[in-house]
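The two complexes that follow have subunit A in common; it is paired with subunit B in the first and with subunit C in the second.
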Partner chain A sequence: MELAASVLLDTTLITLTLALAAFGLAIIYGLIGVINMGHGAMLTLGAYFTWAGLQLEIPFVLSVILSGFIVGFIGLLFEHWIIKRFYNSPYETLLLTWAFFLVTTELIKIVFGSDFRTVVNPYPGSIDLGFYKIPTYRTLICVFTAFVILSTGFVFFRTSTGIKIRAMIQNREMASLLGLNISLTYKIIFGFGCFMAGLAGGLVAPMLSVSPYMGDMYLVRSFFVVIVGGIGQILSGTIIGSFVIGGLETIVALFSDQVIAQVAVFFFAIVILRIRPQGIFSEK
Partner chain B sequence: MQNENKISKISRRQLIKTAAASVVIMGSPAFIRNLHADDPIKIGVLSPVTGAWTVYGKAHSRGFELAVEEINAAGGVLGRPIEMVLADYQTDRRLVVEQANRLLRQERVDLLAGTFSSADRNAAGPIVKAADKLLLYPTWYEGQIEEYYPGVCNENIFMFGPEPTQQVWPFMEYMCNKFGKKFFMIGSDYAWPQVTNMFTKEKLKELGGETVGEVYIPFNTPQYESVLRQIRQAKPDIIFHSLTGSDTVNFRKQLVAAGMKNDFTLWTVDDEEVVTSGLGHEVSSGTYVSFDYFMTIKHQNNKDFLDRYQKRYGSDALMNTVGVGMYNAAHMGAMAIEKAGKVDTSSIREALKGIKFDKAPQGTVEMRALDHQAVLPSYLMRVREGWSSVNDMFEQVQTVARAVPQDARCNLPL
Partner chain C sequence: MQNVLTKISGEAKFELLIFLALASIPLVFSGYILFILPQYMLFGLLAVSLSILWGLTGIISFGQAGFFAIGAYAIGIVVKSTFLMNSAILGILLGIIVSAVIAGVVGYFLFSAKVKATYFVLATLALSIIIEQLAKSQKEITGGWNGLFVDRISISFGNLLEYSLFNDIPMYYFTLLLTIIAYALIKFLTTSNFGKILRGIRENEDRILALGYNTSIYKTLIFCVSGALAGFAGSIYGTHAGFVDPSLARVLFSTEVIVWVAIGGRNSIIGSFLGGILVASLANYLNSITPEYWQLIIGIVFIAVVILFKGGLAGGLEEIYHRLKSKNYVSARNP
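Then we have the complex of A and B:
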């Protein structure tokens, strides 16, 4: 019983952490159809800006928020100058965002160097549940992730902005004819996705080594999350996708080892895509 | 008619030119060598200057560079300067092959030094074998077993870093007596951690200990919940740690965040100065680390070496076991060439066997003739609480002035 409970806790922690890392990608890919290969680099940037903020003795939470905004702003510039001209050609955006990843990674190496940086865990220690200890900081991140996803859901389904966005996804031309400002909405969504990536990068930094390649770790996993969960299903899809990719790994690793667990999970993801190419949640 | 004449004239001229050129080319190798006796001796250095292992690459290439500069300032070898040709393989195994071939065929280097991980060295093994050139390898590694030939047990490769029976075995008894005999092994999923653990388990069995868990982690794993759970359930006395690069940092941070740091003793055979700096003192303090070299070892050679190193590269430049391995490889290679009196592969190989370098930063280093394995000092350190820099990072726990390794498990002698 205690084992089951602790596995459940671990699984929840992993699922939500992965959901946080994948959320920015899910938004941009799901809502405006741009496969943002620069997502990993944006996570990395967020982590480095958070590190830099701490060096300037800005408090951790503020550093993370600032990192989100800076990365979001960089994303806006990238959209404004380049991406917005290519919304109708997915392959070009794929290449362009990949280029963004390459250039950014090199710039990070030039500006910050390639040594490991450390972001000290701002909330060390763990919560003792009697039968199991869970890390305080991880728990906070998960609560935050749940909050972000729920509030995005609220905006999406309960506000007029949400209605406009949904209208735009359903039929872009019609929404445009009815007077919605498509290019502005795209810009906002792209910027928000980048903001989320930067924020996520800053938030995971205390758990990982801050290095120019740290975002890569999450890039592949995030893609699987989005594709397995279903493109456009930014809420339930992200959570379920994260569970399949991250959570299952914990459960499988319980009965075998880490290597087999990772292989098994990706194999399972491929099987899902074979049966439901549109993802678990998409209806098409 | 005139045209034809012109053409034939040119042809004749070209014929003469071509003939003259070929005579020069055919005659040149021996000819040039005799004329330019003070041409540099070229050594190709394969270094991960960029890519995932950049953090090690810096000390790696600088160690060699510093030694080459010292040798040249003292008049070179056989009256010739040494020229170091640096090739960056970007932490990419395919590029090891490409760059090694380029150094050998295009740059025509006389010998090679470098590569960083065992996987890199194994990629270079067949090339140095086929080209019959030497490779001087600087890194701590898993030891030589015939099965992994030609990456090891290769007559053309010399090992300047420690292997498990030098890095781990000398301290097993101390660690077992102090903390207990139950080991949990966690390492990255490739040759070095697996073979290192194999050796460690052998000795552990001999001491009556027990391996209560053994996991290998794929590169770039961000989450460690399931591993932490296994560790909790296995209740080991010592976590024996051979993860590499950023996975080290990821795992260790999460171990600490899970509140498990004080419940177990952690012994790592991977985290030298660079990685420990990346961990920070909250995460790393109390950890045991063993290597042949640390910046903090108290030895006059080390003090002099660091003075020169930091004068050259700045007072905050990091050094580590690999950089020192490269430094020793350059000096001992040069000594061997001087001793041999020539630069062909078999002469240098014979001269390197048994060569002794007593100015090595970690003490005296000797190249064992039998299996091309350096006999080195070995140190067990403990990471200090609240350290602030590499200068106060480690405190010396155990010292072995001369750690003699087991004979390599190859068809000896090499």
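Then we have the complex of A and C:
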């Protein structure tokens, strides 16, 4: 029983952390159909800005929020200057966001150097449940992730902004004829996705070592989260996808090593791509 | 002779000129360039392997470096572990076959289910990462992080003649010869009916399907050919460089291939080939003068090419050529 409970807790932690990292990607991909290959670089940027904020003795929470806003702003500029002209050609947006990744990674290397940085865990220690100890910081992150996803859901389903966005996804031309400013909505969504990526990067920074390539692994995993969960199923899909990808990786790693676990997950994701391209549980 | 020359097209003349130039370089230059140029020719072939997917068929692969690495590891492992007479040829063949089989299986698996083109990109990205992770972790076979040393091979013909490729000039001509053969085969393929069907798939897959062609088979076949070509280039690279390590399979290297083809011109085989040679040598040059900024410069050039010239340099030159020829020329490129 206690073993089951601790496995359950562990899986929840992994699922929600992965969901946090994938959320920005899921928003941009699910709502405006752009495959943001720059997502990993945006996570990395968020982590570096948070690190820089701490060096300037800005408190951790404020640094993370600032990082989110700066990355969101960079995303807005990128959208405004480049991406907005290519919404109708998926290959071009894919290549351009990938180029964003290349250029950003190089700029990070030039500005910050290639060596590893550490962001000190602001809330060390753990919560003792008697049979199991959960790290405080990771618990806070999970609570935050749940909050973000639920409040996005609220905006999406319970406010007029949400209705407009859903109308836009269903029929872009019609929504535009009814007076919805499509290009502004796209811009806001893209910016929000980038903001979430920057925020997530800052939040995961204390759990990893910060390096110019830290976002890469998250990039591919986030894609698979989105695909396995189902594109457009931003809320439930992200959670389900993270549960499947993160959970599978943990279970396989129990029986073999980390590398094999990753290979197995990627292999699994390719199979899912083929047999259920609409997502593992979603209906057509 | 005059008659023959006027009969072949402008592009073929240009290709002939390029290969003649490559063949005459050892007569004029010596030293480092003779060592490094064969590597760039192999990169050129790797670029061609992407261009027959991307330019010809309209499929992007982020996994070309994976196949290149398979080829390089195949020759490294075979040369190391067997003492057969023609272990080198066996290694090259194995590199081609393994790459083609993996491409075939993955390609058929995905194409037969009509997986979206952008999803295919993600699948090849995952494939490349799987290959890299396996190369890193299977230490007994691949040497893990440390990689594998590969001797320069010798090609033997029975017991009579053994042709060692240890020196740079024999290696140069050996690579050039194989490059020309591979290039000619690809060229033949793209101008054949098979190539026409692939072009049709790029323009309108449903129409080709309606005409009775099984498009997923054609897409699988071209992915096989592309994988085989990348594996072939990789196997020669393995023996030329003398060293193979997991970084050959990394996604960043696949990206470089995409950059070469985008800059060279995705719709032109010779453009992609030259893109591979020129951008790789430019990268090498920039790396020596500004090691910090060269990747940044290449990244920015890449963005500029994607935004401004869809056809890359080859497409740009073609357009200028046509504009000069007739002032009323209307661009025939895709809108």
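Simple rule for what comes next: the second predicted complex is superposed on the first by the 273 of 284 C-alpha atoms of A that agree within 3 Å, B and C clash if a C-alpha of one lies under 4 Å from a C-alpha of the other, contacts with A are read in each partner's own complex, and residues count from 1 in each chain.
Everything that follows uses one rule, which is that contacts are C-beta pairs under 8 Å (C-beta built on N, C-alpha and C of every residue); 3 or more make two chains touch, one makes a residue touch a chain.
All values reported here derive from a predicted model rather than from experimental measurement.
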With both complexes overlaid on chain A, does A:262 touch subunit B (first), subunit C (second), both or neither? both
Is A:275 in contact with subunit B, with subunit C, with both, or with neither (first, second, both, neither)? second
Contact-wise, after the overlay, does A:137 reach subunit B, subunit C, both or neither (first, second, both, neither)? first
Under the stated touch criterion, which partner chain does A:236 make contact with: subunit B (first), subunit C (second), both, or neither? neither
Any idea whether subunit B or subunit C touches more of subunit A? B
Under the stated touch criterion, which partner chain does A:13 make contact with: subunit B (first), subunit C (second), both, or neither? first
Quick check for you: in the superposed arrangement, does A:216 touch first (subunit B), second (subunit C), both or neither? both
Shared subunit A footprint, subunit B vs subunit C, residue numbers 109, 216, 257, 259, 262
Residue set of subunit A touching subunit B in the complex reads 6-7, 10, 13-14, 17-18, 109, 114-118, 120-121, 124-126, 128, 133-138, 204, 206-209, 211, 213-214, 216-218, 221, 246, 249-250, 253-254, 257-259, 261-262
Inside the complex, what are the residues of subunit A that reach subunit C? 35, 82, 85, 90-92, 94-96, 98-99, 102-103, 106-107, 109-110, 216, 220, 223-224, 227, 257, 259-260, 262-263, 266-267, 269-270, 273-275, 277
Name, in rising order, each residue of subunit C that touches subunit A in their complex. 60, 106, 109-110, 113, 115-119, 121-123, 125-127, 129-130, 133-134, 136-137, 251, 255, 258, 262, 292-293, 295-296, 298-300, 302-303, 306-307
Touching residues of subunit B toward subunit A in the complex: what are they? 50, 52, 54-55, 189, 215-218, 220-223, 225-227, 229-230, 246, 248-250, 253-254, 256-260, 274-275, 277-280, 282-283
